[in-house]
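Next come two complexes built around chain A: one with chain B, the other with chain C.
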Partner chain A sequence: MIRRRTLLPLAAAAVLLIPAASAGASDFGTALSLAPKVSQEGFSLTVMANPWYSALLGENGELYFSGIVKLETTFQSATLLLDLGRSQVKLRPSPGISWEFGRMPFADESGFVASGLLDGARWTGSLGSLGASAGLFYTGLLNKKSAEIALTAADGADLLDADRFFAPPRLLAVLSGGLRNPPAFLSRLSAQAVGQFDLRGGSDTLHSQYLTLTAGIPAGDAFGFEASAAAALAEPSGSDPVFHAAGALQAAWDPPGALKDQAYLGLRAATGADGGFPNITSLEQGRVFTPGPSGLASARLGYKVRPSAVLGAEVQAVGFLRFAEGGPADAELDPGSDSAWLGAELYASLTWTPLSDLSVLAGTGIFLPASGGAFLPDTPARWLLSVAAVLSL
Partner chain B sequence: MRKTFPVLFLAAAAALYAQSAKEMDLLLADPGVSYARAARYILPAAGILPAAVSEADAYKAALERGWLPDGADPAAPIRLDESAYLILRAFSLEGGLMYRLFPGPRYAYRELVYRQFIQGRRDPARGLPGERLVRILGRVLDAKGGGE
Partner chain C sequence: MKRILAISILLAAAVLAAAQAAAPLAVIRQVAGTVEIKAPGRDWVPARAGAALTKDTLISTAFKSVAVISVGTSTLTVKPLTRLSLEEIARLEGSETVRLALLSGRVRAEVKPPAGGKTDFTVKSPTATASVRGTGFDQDPVNLDVDDGNVEFTGPDGLPVQVGAGQSSTVGEDGGAVPPKDMPDQALSPPPPAGLDGSILSFVQGLVDNSGASWGTVDLRFNPWVGAPID
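On to the complex of A and B.
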């Protein structure tokens, strides 16, 4: 059922953007996607349309507005979702400097804090020898299903509340900086600070702060490493602050030869004094088994190849472990088990782009749970087979 | 595109080999290339017409082939998407599914954007500066091997 407030973001954006739309030349289109999926849970079909509109504003500005019309169907039910997609004004007052306002993509540098579309403003520019950006974002106008913010019990209750559309109201302040010319032994060195302020009020609130350091380390022409460390301080209402830490290391190897391919190994872990890690948005760590990063360690081995301009393929294996506390919640986990090993996942995908406006993505994977270990005995394997075709009109 | 701007310029210049320096200066300084001038440079670059063809003859040839809008004033500025259609047809480039179903400037423009022949701030309904035309032609020729 579509409620009036569901349409509020769309209406507000339209009111703001229609004058700009009529002001000059512009472009528009729609991306249509059809995505059937079969898994151990059954069959589902997602049909989605993403209408978009873009226009130039003056000599240095751009406007982009998009919507999401999503119909998710199974044999038993159908759900229609209307939402605002990426919709922003971008101004470039001078080379290397930009201002963005509206709903824009955001991903923290470590991948442990937040990812997705956020509403707010962002400045990108330089401070001396640093490339820098600063942003201020608000989550209270996002669709709760897209953001999946569940830092507190109150957030979790809101997520399950069928009458609620919007995500919990939180303010994110982000400051990032990276060396424009890092030392020769580094390809990248950057730091990011994120402050998250719970605007809910009341007795069940959680503020949190994050500091991330990321370094890229080249090793010859074919090898490259990237290390990222994140420290987080969570401040639950009525309790002492709790320290958390997360880290990631990725090694990539580009084999010599004409084939565009890469093998990679990734290690990730996030834990804290109480076991968990206060990731703000949902950050799925797998394709079939999709826990968040909190209280989880994973090792990922993969290979991707692009044999031609129209074809790409990737295969990866992931092993999941949990920390003693704060690991993923799952209905089939054995509450009496303290086993760290959760299981392993194998996933393969194929991307085919036969034409510039048509692409097909097929993926299949299986998760083998540690049945009789962390999972209940006889927990069956989880699997999925999905296809998505996207046509740009 | 992996090639740098000077290389693109050289690629375009190689195709426009017979243009005099004065003509090239005029093209580069043109803030809004006309239909006739666009045809004058695109069709010879594609090898369809001789390099020394006049703007009027090039315009007529493009119009006869249906690559320009019927009744377009040869002196009027060509739109970016219309020039994309002219390029796609002149160079016999294949378009996407929607272009095959509905061939025309709209999806020709999309194709050139997808192939990164058109880069930077863009609006399909805006005019085409001469410098941008040279850049686009350079990228097309580079992709087709003419700029190697």
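On to the complex of A and C.
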């Protein structure tokens, strides 16, 4: 009943907007994906269809609706996921200013707070010498499987409740600003404030506030650095607020020459004590081993190259360390071990676009948990080998 | 006999010169999907490969439709949902002048000067102007992405900024072109299939690695102050 009541306004908006848009240019299509994957857990085959509709709203607006129908099958089970994908109206009343309404992509600037599709409204424009953006988002209409929000025990219970469809109800207020003309020694300087308000009520709630600062530092034509810092204040119900911190540093090198390639080194860490850094969405830190950022430090070294217009490749090695408190939860961690070294993973991927309507993505990787001692001694390596073919109809 | 031969050579040279002088400077090389052109004083007609385009011709592309046009020695790719006008195409003493009016949509230009000459290539939109002399760039009415060479990008305030290879700029609220910034490294990956939104592509990426399949094993970081973790 709740689902029906909350979906009705969305359906009504679609019914009103689509005819309005159809007077102008519009188009629709479907992306079909077929993705077999084999890993230490066995074989799975995922079939996904993403129907979409796009239209212009006059000369300064656009409309986009998309859906997600995902069927994941193994030899033992089949799981169907139905969801609304990016579905938004974007209006540009004047150059440099835009308003967005609906379900839209969001990623905080530090990479430690939240990432994914969110429902709400966002304004982007300028405030004096600042490029600025402000948004207000609600998570309670998202599919819980897509949103991956688990900040409290109540969130965890909802995630495991097969009868529950929606993600925990939380409100996110976001304000971002960046210098339009940073000083010469910086390529970028921006700050972002995020307020997260738990609308669940009751005794198990967690509000949290975040402040992030990101700076880009050029170093000649070939090198660039980017540093991010995030401070978080978690406000659990019935307890004093707790301060958390996270930081990241990335260095990139674009080798001279005609080949489009880049080598990079990244370091990331977030505190884990006192409940851990309260990242709102899951924010996986690896491609095979996928812990969240809380209580974790990671170092990654990678290289990506585009040898031709239709081919791209990337290889990446990541090492994971955990802090004494609040590191990742994993069923195969040795409860008697206090080793900080969790292990390392190596991941390689290939993207091939042989036709304008067809793309093939392939990936393979291995995580070696036993190399550290934090995992149980007989923990096998985790690995995957997968391919996805995407056809745009 | 020699006189006939000399006259023939002169005639042939004159015909060749006339043909070269009359050779259209803008020709449609490829058409995909629905592309229409409108010559001055004429109606819209479907564009066909090989069609010559004259000054003040309008070009319009529909969804999923692309036109590739040779403009002098340069190449212009007109992307989907774009309308532009060839305001000026001229060749004089080995140098070319190309002025395009981008009314809406997005174009990609590969600007190559003729051998021994120069190209003055300008794309003007309602809000910005990009002027180049040998480069490759993508432009819509507000934004500019440069992947090769240098582009002079000017907003309504008339103050230009130089946008170099691997950089982008846009028109700010105050009407000025924003100082260039480095583009993200998407240039290191092939473009996604036509019509595929970036958000859909991220879902597909999540099928290949484990980043999009962890909802069942997501870290459940329970509030340590209230109650106990569930099983």
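Definition applied: the second predicted complex is superposed on the first by the 363 of 393 C-alpha atoms of A that agree within 3 Å, B and C clash if a C-alpha of one lies under 4 Å from a C-alpha of the other, contacts with A are read in each partner's own complex, and residues count from 1 in each chain.
Assume a contact is a pair of C-beta atoms (placed from the backbone, for glycine too) under 8 Å apart; a residue touches a chain by one contact, two chains touch by 3 or more.
Please read these numbers as outputs of a predicted model, since none were measured by experiment.
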**OP:** Report clash or fit for the pair chain B and chain C bound to chain A in the combined superposed model.
**Re:** clash
Subject >> Partner chain(s) touched by A:Ala362 [first = chain B, second = chain C, both, neither] >> reply: second
Original post:
Is A:Ser187 in contact with chain B, with chain C, with both, or with neither (first, second, both, neither)?
Top reply: second
Original post:
Touching A:Leu311 in the superposition: chain B (first), chain C (second), both, neither?
Top reply: second
**OP:** Check the residue A:Gly247 against both partner chains and state whether it touches chain B (first), chain C (second), both, or neither.
**Re:** neither
**OP:** Based on the superposed arrangement, let me know which partner A:Gln262 touches: chain B (first), chain C (second), both, or neither?
**Re:** second
Original post:
Given the touch rule stated above, what does A:Ser392 touch, chain B (first), chain C (second), both, or neither?
Top reply: both
Original post:
Who does A:Gly85 touch here: chain B (first), chain C (second), both, or neither?
Top reply: second
**OP:** Examine A:Gly111 and indicate which partner it touches, taking first as chain B and second as chain C; both and neither are also allowed.
**Re:** neither
Original post:
With the two structures laid over each other on chain A, which partner does A:Gly177 touch: chain B (first), chain C (second), both, or neither?
Top reply: neither
**OP:** Between chain B and chain C, pick out the one touching the greater number of residues of chain A.
**Re:** C
Original post:
Where on chain A do the contacts with chain B and the contacts with chain C coincide?
Top reply: 25-27, 29, 56, 355-358, 391-392
**OP:** Would you mind writing out the residues of chain B in touch with chain A in their complex?
**Re:** 95-99, 107, 110-111, 114-115, 121-126
**OP:** Sort out for me which residues of chain A touch chain C in the complex.
**Re:** 25-27, 29, 31, 33, 35, 37, 46, 48, 50, 52, 54, 56, 59, 64, 66, 68, 70, 72, 85-86, 92, 94-97, 105, 117, 125-126, 131, 144-146, 148, 150-153, 155-157, 159-160, 180-181, 187-188, 203-204, 206, 216, 218, 224, 236-239, 252, 254, 260-262, 274-276, 278, 282, 284, 286-292, 294, 304-306, 309-312, 314, 326, 328-329, 347, 349, 351-353, 355-359, 361-363, 365, 384, 386-388, 390-392
Original post:
Residues of chain A touching chain B in their complex?
Top reply: 24-27, 29, 55-56, 62, 355-358, 391-393
Subject >> Of all residues in chain C, those that touch chain A in their complex >> reply: 62-64, 81, 104, 127, 141-142, 155-156, 166, 170-175, 178-179, 181-182, 185, 187-201, 203-205, 207-211, 213-215, 217-230
